[in-house]
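Chain lettering (A, B, C and D) follows the sequence in which the chains are written, and residue indices restart at 1 in each chain.
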Amino acid sequence: MGSDENILEMRGITKVFPGVVANDNVDLDVRYGEVHTLLGENGAGKSTLVKILFGLYKADEGSILLRGQPIAVGSPSEAIASRIGMIHQHFMLVPTLTVAENVALGMTSSRRPFTDLDAVSRRVSEISEEHGLAVDPSVEVRRLAVGERQRVEIIKALYRDAELLVLDEPTAVLTPGEVDDLFVILRRMADAGRGLIFISHKLREVMSLSDRITVLRNGRVVGGTTPAQTSREELAQMMVGRTVRLTPEKPVLDDGPALLSVENLTVHGDRETVAVDDISFDVRSGEIFGIAGVSGNGQRELAEAIAGLRGVEPGSSIRLDGVDATGDDTRARRDRGLGFIPEERMRDGAIAEFTVSENLVLVDYGSDEFTSRGMLAFGAIGQHSRRLVDEFAVKTPGIDTPTSSLSGGNIQKVILARELSASPTVLLACQPTRGVDIGAAEYIHTRLIEQRSIGTATILISEDLDEVLGLADRIAVMYEGEIVAIVPAEEATRDKVGLLMAGVVDPAPQTNS
Amino acid sequence: GDDAPATGSGEGGALRVAIVAPSASDDLAFSQSMVDSVNALERDVELSVTDGTFIVEDAAAAIRGYAEDGNDVVIAHGTQFGGSLMEIAPDFPDVTFVWGTASDTQGLDNVFAYAPAADEGGYVNGSIAASLSESGVIGVVGPIEAGDAVAYINGFEAGAIAGGASEVNITYTGSFGDVALAAEAAEAHLANKVDVLTGTAQMVVGAVGVAADAGVPWFGTQANQTSLAPDLVVASQVYHWEVVLEEMLTLRDSGVLGGQAFEINLANGGLVIEFNDAFELPAGVRDAADAMIEGITNGTVNTGS
Amino acid sequence: MLKAVLGALVPLLAAVVAFAFGAIMLLALGANPLDGLNAMLDGAFGSGSRIAATAVKATPLILVGAGIAIAFRTSVINIGGESQIIAGALLSTVVALTLPDLPAFILVPLVLLAGATGGALLGAIPGALKAYASVNEILSTIMLNLVMVQVMNYLLRGPLIDPFEMEAGTRIPQTQRLSDNAALPTLIDGTRLHIGVPVAILAAVAAYLILWRTPTGFRLRAVGHSPEAARAAGISVKRNVTLAMALSGSLAGTAGSILVFGSESQRMVTDGSAAGFTGSAGFNGIVAALFGGLHPLWTIPSAMLFGALLTGATQLQRVLQVPAALAVALNGIIVIFVISSTPVRGWLQRSLADSGLFRRSGNHSEAD
Amino acid sequence: MGDFFTLSVLVATAASAIRLATPYLLASLGETIGQRSGVLNLGVDGVMLLSAFFSYWTVLETGNLWLAVLVGLVTGLAVGVLYGVITVRLSATQGISGIGIFIFGLGLSDLLFRRQVGTPKPVRRLPNVDIPVLSDIPYLGEALFQRNLLTYLAFLLVPATALLLSRTTFGLNIRSVGENPQAADSLGVSVERTRFIAILMGNSMAGLAGAALVLQLGIFQPNLTQGLGFIAVALVYFGAWRPVGVMGGALLYGLVNATVLQWKALGIIPVSGSDLANMAPAVLTILALIVLARRVHAPAALTRPFTRH
């Protein structure tokens, strides 16, 4: 638990972006030795607030006191010099540099003008060991799995001896096991007297880690509490301003025909290694087939192979609605009824510079409905877009707004709207609610269940165990490129699936649990 | 205004002459030869120059512009301008257009054509070069195989062979402008036993430098290139267009605005071999050269073209 | 309000500063700057025929610029305008040499089409190399420019040379005068304003329509903004990259045929360099396109501006007897200043906003 | 017709290749540094023209070659300041500002030459300097170790640049701002400063390239470079943003050019095939890249201005 002394006080912070008041007179204080959580919907202003603290944005109004002294943080280097560390929502790593180089970046070297990577590597190893953050300092970051990158980010902050550490959605990309490990580390750091600001959309985590919680809505502080005084349901209500159903309800359906059949699928990864190793499974109409697993175990490659974005090895077969689609490209598979929600929404799912409307027709702009005499039919496209924006409750100033100015959750809704409006027979949904606030996540879950009810075969690839457990009819667990088990929903528990994800396939304890 | 005054003389009755030239007017080569020649005219001339118009369409615009501006004589100093001139000249019947290098006026009666018998000086240069070469191998650096460059180089080759050279190695670099390439072309010659060099067009300034550093004699053409290598330029064939320009202007004075083709050559003094006195020619070589010039002048020596 | 004033004022100011530089250079050369400005304006707009000359000069820039916009919108950097112009010119020349007797109403469209085809073929090469062999297009287009100069020299000095040039021994690298049936008809007597000008404008409009009104353009822009997202949506990145370069090249190629058949000499002629034929339109077109914000329609006035600068420069040199290089330097300065002015404008607006002067109004206008 | 495969001719060809490669190499290395920091400079040719002119003018007026080299470098530096202000401070579009610099340099160098010099006048060329011992190696010594100091400098700058990029703190900063400026910024690396300095370094090297070109020739002419700077930019792509690769490209380019010239001189290439032979360097460069099929990726932030808000 924290002391009573504040390491940080932010007073009356206001920040306006064109058209948006991102922070409106926000107060926040953080004590030594506490984990202080910021909670709020997508776009509530959490990231903006901590970016101001870190010198990335300049507040329009307000003041900051660090260790009781007023400071003006003009740039990240000033923040770092004041022993503020930050782990950003989007990793701030240079993929082409090694771990050690990423850590050394911006630090003065003992061997100027040369870098001193040996010394950095040694220190990195020490920190790794001390905090249980295993990572090889000589590896290029682009070769690391997401969880490992996260560790590099933490090491970077520890290396700089940060006393006030900000973590902006650090768990969004982690597996349950990794989250547990991270929390042990974070707790230990807090206990050692550091102040931590933690941002997350996952209420289970917030409840387990936080000492205090501040909730933001529309840029304003709407309340403060502690885990002991509140519940997940109450927190959800504070954030969203209405009641939120946290566990989705889904009707019982009869088995339908297999709409997607994957047989003996073998796929190579980027480095010519086998990423997916001879996998077979069927997904039936009206079924949500969950694929759980620690990131980096072949889920991404599996999804890309199904979507036609990655070549498969000879002998593999993918059938869509009974027809062999192994040789088809993405367009042809989509024309056969495949819908695809990619994992990396900003890279693969939507085009930031395109308008909302353009993104809504990104896959069927050329259909008869949206063209007339070879030209795009803007009337029809506009009508369609407005309908989807309404139907999917996308928060946007208009359909001609550039998609980049939408919040993550709303971009995800745009993608979802696009893919569902094409009435897919098979829907491939990868990490559909990653980084999305609970309100939006609830909505996305509802839509996926609706889709299930009308007979779509859905593959849900997710690292969020709650999500998989809540939605899937059957859960396949991937480990090192293989499906180690397919567990029916009624037999699946957090522990059981968690163990499988860790590669523990021993059938004896499995049947026992 | 754009209704062009027919013919108008400049202030004080000066003749208004304009030159449109493809390279820089002080390029020590083709363009400069014409500017120098007009300046050498023994007449009161008001001269305008548009140079660096290697783009034919730009040259055409300048030619037309000068005609519109009321110049008396517009010199289109580039064979490649001919195509456009055929369109422009008929629009300005009172203006005399002078076009070269070209061997005929394409039937237009307000166009005079001019050409150098560049092979003549080439032949003289070549024969002197042969007598200076110990290896018997002589190098030539040219731009592209066209215009008076071809005439000069062919004449040079014939003269050198006639003078006893065993080989004349010719490199066309493919560019009028690439000085570095011309320099390396000269270096390539030097690596292959060449001990006398010549070249033509404005990019040879690079090759002259190479010759100078290697102590190899150089022969120039178009303009006097002695300033480029005061110790090693043996002789330059210099174009004195004024000889034929004077004739054209006299015809114009008498009301003939064009329709004739002229040639400058050693005989009419339009081509002059200018020797560099600082380069000491072995005894007899200079005399032999003078004799050859004499021979070409009176027709007893055939340059082979 | 202040914003709008700034928006117009800053680029204007930049242009004024650029011209001030030009004036200083003119003074250094001993010429009166006012005479200089006068000569340039007179040269570019002084009469109907000069305005026509300006439009004609702008024509290849419009075409190349519109093509550049298509390529750049697809995230392909086309520096190969020069080679595509040459390819278009060569192919259309061959057509006119082969079929000289076709009537004008067939031959004129045919040579323009041949130009477009030649340019498209040459554009498709670096496009396909990028798409299928990962060869960077900046490298390949720069190199192809060098290659096409030599192809042009070879053809104009060998197979395509005017037989008369061989006879006379002058061997100027040029074709014979091409069929008059292929000559672009002039629109206004006594000027050089030929049909190539409206063709270029229509092509720019077509480029605009393709980019923003057709499924093809949708695909191109999608690939340009995010190849990953385009791919995931089922749009072939490779095919569209190649297509963008082919379209871009076809416009440049059309410019090539217009340079031949809209010229007074009615033939293809060079001094052995690319610029000797193209007048560097392949590069100036990039400037025009970027100046026009990579928007095909804005490329039209932008190209006109540069056309005016180019024709004005000829007059400047003729009247004031200052080296043509002055105009070139001036062009460079204008590009530098005006392009810098856009960020200056944004920066001024931002610092005004930071100073609080702007915020209220900015907010309300957005909210209202 | 002579024989190409005699040692003396091969030595001369190699020497010629190295001479031709020197300006390319200097300019390309500079451009490599700039591009690794995320800044594309299409204005290299303009920088080279200006620095070539000022170097030339310096020798013409003072006769001092080393002063001329310095002037070339400083000219590059000065244009670098201009380019840095435009692209980094003002975040202007790099492609077009580079072309602006090119056109400006082309025009201004021409103008200054016409005004200050006029008729081309030859000046002293860079003398060749024999490297003790090494220059005595038969043939090899003559080809490689009897060159001018700027050539030696150019080749020394290859490992130096490689070292700068891979082993120094500043190189680390350059690479990071060229790949992910946000990340660099978040660690207190000034993207603006890093890019600005990279631009200054790159342009200084382009300045040296201009000086090398003109001082190897001993004469200036308008548009002396004939587009050399653009090829230098292309060679950066050829070399996959690595100094050694860039050197390979520059040498390949120089060697093919030198060989073509040598073959022309020897009559191996007939005059009629001259034009087709002239395209050899460009064709081979493209072919080499296709064959090597290097799927290297450009610095991710290349041409992207950085703003933090």
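In the analysis below, contacts are C-beta pairs under 8 Å (C-beta built on N, C-alpha and C of every residue); 3 or more make two chains touch, one makes a residue touch a chain.
Small disclaimer: the values here were computed from a predicted structure and weren't measured.
Undergrad: When the contacting C-beta pairs are counted for C-D and for B-C, which pair yields the higher total?
TA: C-D
Undergrad: Please indicate which chain is farthest from chain A, where distance is taken between mean Cα coordinates of the chains.
TA: The chain lying farthest from chain A is B.
Undergrad: Which integer distance in Å separates the CA centroid of chain C from that of chain D?
TA: Centre separation, chain C to chain D: 27 Å.
Undergrad: Could you tell me the distance, in whole angstrom, between the mean C-alpha positions of chain B and chain D?
TA: One centre to the other, that is 35 Å.
Undergrad: Distance from the CA centroid of chain A to that of chain B, rounded to the nearest Å?
TA: 75
Undergrad: Give the residues of chain D that touch two or more other chains, as numbers and ranges in rising order.
TA: In chain D, the residues touching two or more other chains are 110, 114, 222, 275, 278.
Undergrad: Which chain B residues reach two or more other chains?
TA: In chain B, 52, 145, 174-175, 177 touch at least two other chains.
Undergrad: Enumerate the residues of chain C that touch no fewer than two other chains.
TA: 150, 153, 157, 323, 325
Undergrad: Looking at the whole structure, which two-chain pairs count as touching?
TA: A-C, A-D, B-C, B-D, C-D
Undergrad: So in the complex, which bits of chain C are touching chain D?
TA: Touching chain D: residues 25, 28-29, 77, 79, 129, 133-136, 138-140, 142-144, 146-147, 149-151, 153-154, 157-158, 283, 286-287, 290-291, 323, 325-333, 335-336, 339-340, 342-344, 347 of chain C.
Undergrad: Which residues of chain D touch chain C in their complex?
TA: It comes out as residues 46, 82, 85-86, 90-93, 95-97, 99-108, 110-111, 114-115, 222, 227, 230-231, 233-235, 237-238, 272, 275-276, 278-279, 281-283, 285-286, 289-290, 293-295, 298.
Undergrad: In their shared complex, at which residues does chain C touch chain B?
TA: By the definition above, chain C touches chain B via 43, 46-50, 53, 150, 153, 157, 165, 168-174, 177, 259, 263-267, 269-273, 275-277, 279, 311, 314-315, 317-319, 321, 323-325.
Undergrad: What does chain D use to touch chain B in their complex?
TA: Contacts found on chain D: 2, 8-9, 11-13, 15-16, 19-20, 23, 110, 114, 118-122, 125, 213, 216-219, 221-224, 226, 228, 257-258, 261-262, 264-267, 271, 274-275, 278.
Undergrad: Show which residues of chain A lie in contact with chain D when the two form their complex.
TA: 54, 56-57, 75-81, 86, 88, 90-97, 101-102, 104-109, 112-115, 156
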